[in-house]
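Some structures are shown below for you to check.
Shared between the two complexes below is chain A, which pairs with chain B and chain C, respectively.
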Partner chain A sequence: MGFEVETIIKIAAFSGGGIAMGLGAIGAAVGQGYTAARANLAVSRNPKISGDIFKSMLVGQAIAESASIFALVITILLLFVIPPSPGLLDAAAYLGAGLCMGFGAIGSGIGAGNPGGEACFGLSRQPEAGSQLTTNMLIGSAVCQTPAIFAMVVALMLIFIKFGGAALTPTWAALIGAGLSTGLAAIGSGYGGGLAAGASCEGIARTPQSVTSVTTLMLIGQAVAQTPSIFGLLISFILMFKTFPESSLLMTPMALLGAGLCMGLGGIGPGIGNGMAAEGAVRWVARNVEHSSDLMRIMLVGQAVSQSTAIYAMVVSLVLIFVV
Partner chain B sequence: MDTVKQVQKKITQRALWLSIIVGLVFIVMGYKSVGKGLILGTLFSVLNFIFMARSIGYKFGRSKRQIFSISIGSIIFRYILLAIPLIAAVKFEQFNLVAAIVGVFMIQMVILAEHLLIQIPILRGKQI
Partner chain C sequence: MGEIGILSQLIIPFFGHDITINIKVVVMTWLVFGILIVLGLFARHKRSILPRPVQALGEFIVSVLYELTEDALGKELAQKYAPLVCALFMFLLLSNWVGIIPHLEEPTRDLNTTFGLGLIGFCIAHYAGIKTKGFKAYSKEYFQPIFFMMPLNLIGELAKIVSISFRLFGNILGGSIIILVVSYLTFSLVLPPFLYAFFGLFVGTIQAFVFTMLTVVYISVQVK
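For the complex of A and B:
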């Protein structure tokens, strides 16, 4: 059964759109649900300030929803914006864009729910620290969205850059691999960043005076937790912009697809691991401010070690792209 | 629930005013589609936020099954609501797509700006 090019493009664009919105909705919904669950707990604990808790929950949920709105934007573009005279490579690019945004929104959505939930619960413990908690929650949630923004950038590039001049094989695999690399790697970084942000809200609620140390450590921890998604972005850029010679061998496209998968999957664990290291440090710095430099040192060493598997994944991806 | 209504009112008013002012500036400068796209996107972002806030109060005193149905219905409805300005911007040239996308995020931008701007010492001083 043969298909016209236009039909193949539409199949890829519609499938990409479905994947982007379907997967993209998972994270935000889980994150918002977590925030609501913690808000319930907070209201049970301190019903007198239920209004303030609802306010924090609403604001936290609105920010956590951003990741799924990114996915919605990409979906609408895939469903309705097909440039004139598309080629077969555009089909691969559209599918890659959908995969990238769909996977890329999961971690940030779940992660952004953490600070929202912990801010609500913290408010029930320490109502007078409400302003500090809300500000910290918003900063933490916003930084959590960075991996999803990386995914949206790659998805937009895949949709709008014309790859028409490149060889169909193996470039089709490179474009799908580019989407998978950033999208999958963003899962761990988004979720990991959320762990650090959640712990910082808990820490501020416990010791409001520690807000400066807690926020600083949270931002450093989150920045390092983003590294695997930056590796994913790097591999995506190489896969999108390197010119691959035409090949009739199946091995070449599979190597490029494997490079994207390797970096994407390889980035999930380190992102979460880095977030856990940051979570521990941020949580404990609130109880032990005078030892913040020791905690930061241990956090950074722990994150560096946890990062090593992402570096292995990046090295293997580079070998698959440049050597195989 | 009064606090929620106050917050909702404050944020939505600021988002609408901001988009109207910025939108009008673009329209006056001759970028009509940009201004219109921004206002359109913001309008639906505000509607989404109002619906989100209202649905919180609507869930009280209902059975578990009803709450589940309301929640699912609310999510689907809100995503459809946010898709409208984007589809309109894609279909009609008088609305700029990028501006409509920016408008869709206006509520989030106002929430972040409101809390982060008061961290600037000069502005914090003024507020006190």
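For the complex of A and C:
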């Protein structure tokens, strides 16, 4: 096609920015809606403390919004970015950054609505536990943002690191694949982390004295639920920093793109599944504190099994990168 | 914005191989060691029944971590592993906090540090597993549920090191990159103090705790 390099870079940056903000707006809105719905339920159950519930809802929604704010930051950067030495690889990097941040914000946004909503509902049931609930909600929903933060980091790296010296043909696919890998894998982990955080707020409202075990188990559960997104980050780093030899075959770039897609899509399910395992364990620890170590062990074993599909995806991605 | 991805390295040629040392990371790690040792000496200095502030702080940290280890491992094993857990947590906490001081860098921002610590935890967990269950029962677990699942179980076990070390590394590196980019865009005027508090103190504390707890939990899964 007869476009100049600058035009192609602008096309990629603008469409990347559009994708980042467009997809990034999905998650937070759903999460905030859920928080508001639970807050309504909470007010109707216990109208006397509607002021506290309202405050708690706003705080929860503000945190749920942060994933979208990350997307907004990346979008603004993409709209105004000017590469110092323009090359076609910059176009691929900008498109990858947009895809990464757009997909990466979905899960954390939806997930972070959960602890907010459950904290509001818990407040109506157990107003005295208000401070523990708020602390727990803040920790839970902040940890929920980790996958979105990973996505933002990969997007920033794609925008600011100079890939100019690398061979164009396989590297363009590697950069888009790097974006897709972290971005897609963050969906499941973000949502799964939110499930665990929501269950912990519900559990603390039920038995406030179990707060230490519940918060500890929530943090471990969320950390393990984030494992698929960490695998995604690993594949992204390999794709960004490995130098690929120049090749004229179509096969090589497709393998790299496929590696990113494989890890990204393969990470969604295990993230949600791990989150569900953590949700169940956290919810029942609150009702049965004495058996918290048994529950934790079963949760970890269950998560390890549900995670094995993410490990298959990682192995296939590594094979696609290093062998094919 | 060139700072992202640049390391200060010392490269020593050694019989045809290059030995690479990341100087800044080594210096920062020793700085953290130094602070911890000084704090420990202060906490020990003039011990009394009525503790002074530093002693009270030390006792608080140790007793909280000791109880957490005891919950996960039981009384007997906790005696053996609690010192490791305390040391790991305090090192990680201080490492993650050190970055909020200008010109200092978190040692945990380097993958080598976190990977090394993950490897230590992995080796200790498997050593504990072999020691309590015996080698036969230990190796049998890899052939569960059917024998040909062995390679996948092995990869799953190795993936634990990757996930534990990349979790800490990604969080700390991510925080510092976001701080760098935001300070660059706002000319260090608006947000950074708040961001330092969030990523340095809050995320740093949580990730240090998660890393430590996961190490304990990996040990407890192997032991039981």
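By definition in this document, the second predicted complex is superposed on the first by the 323 of 324 C-alpha atoms of A that agree within 3 Å, B and C clash if a C-alpha of one lies under 4 Å from a C-alpha of the other, contacts with A are read in each partner's own complex, and residues count from 1 in each chain.
Assume contacts are C-beta pairs under 8 Å (C-beta built on N, C-alpha and C of every residue); 3 or more make two chains touch, one makes a residue touch a chain.
Since the structure is predicted, the reported quantities are computational estimates derived from the model, not experimental observations.
A.B. asks: When the two structures are laid over each other on chain A, do chain B and chain C clash or fit?
C.D. replies: Clash.
A.B. asks: Does chain B (first) or chain C (second) touch A:259, or do both, or does neither?
C.D. replies: After superposition on chain A, A:259 lies in contact with neither partner.
A.B. asks: Looking at A:231, would you say it contacts chain B, chain C, both, or neither? Reply first, second, both or neither.
C.D. replies: After superposition on chain A, A:231 lies in contact with chain C alone.
A.B. asks: Quick check on the superposed pair: does A:110 touch chain B, chain C, both, or neither? Answer first, second, both or neither.
C.D. replies: After superposition on chain A, A:110 lies in contact with neither partner.
A.B. asks: Once the shared chain is lined up, is A:80 touching chain B (first), chain C (second), both, or neither of them?
C.D. replies: first
A.B. asks: A:315 contacts which: chain B (first), chain C (second), both, neither?
C.D. replies: The answer is second: A:315 touches chain C but not chain B.
A.B. asks: Is A:142 touching anything from chain B or chain C once the two structures are fitted on A? First, second, both or neither.
C.D. replies: Both partners, chain B and chain C.
A.B. asks: On the A-aligned overlay, A:184 touches which partner chain: chain B = first, chain C = second, or both, or neither?
C.D. replies: Neither chain B nor chain C is touched by A:184.
A.B. asks: In the superposed arrangement, does A:276 touch chain B (first), chain C (second), both or neither?
C.D. replies: neither
A.B. asks: On chain A, which partner's contacts cover more residues, chain B's or chain C's?
C.D. replies: Partner touching more chain A residues in the overlay: C.
A.B. asks: Once the two structures are fitted together, what part of chain A is touched by chain B and by chain C alike?
C.D. replies: In chain A, residues 77, 139, 142 are touched by chain B and also by chain C.
A.B. asks: Which chain A residues qualify as touching chain B in the complex?
C.D. replies: For chain A paired with chain B, touching residues are 21, 25, 29, 51-52, 54-55, 57-59, 61-63, 65-66, 68-69, 72-73, 75-77, 80-81, 134-135, 138-139, 142.
A.B. asks: Per the contact definition, I'd like the list of chain A residues that touch chain C in the complex.
C.D. replies: Those in contact with chain C are residues 77, 139, 142-143, 146, 149-150, 152-153, 156-157, 160-161, 213, 216, 219-220, 223-224, 226-227, 230-231, 233-234, 292-293, 296-297, 300-301, 304, 307-308, 311-312, 314-315.
A.B. asks: Which positions of chain C touch chain A when the two form their complex?
C.D. replies: 1, 4-5, 68, 71-72, 152, 155-156, 159, 162-163, 166-167, 170-171, 173-175, 177-178, 181, 185, 198, 202-203, 206, 209-210, 213-214, 217, 220-221, 224
A.B. asks: Over in the complex, which chain B residues touch chain A? Could you list them?
C.D. replies: 1-4, 7-8, 49, 52-53, 56, 75, 79, 82-83, 86-87, 90-91, 97, 101, 104-105, 107-108, 111-112, 115-116, 118-119
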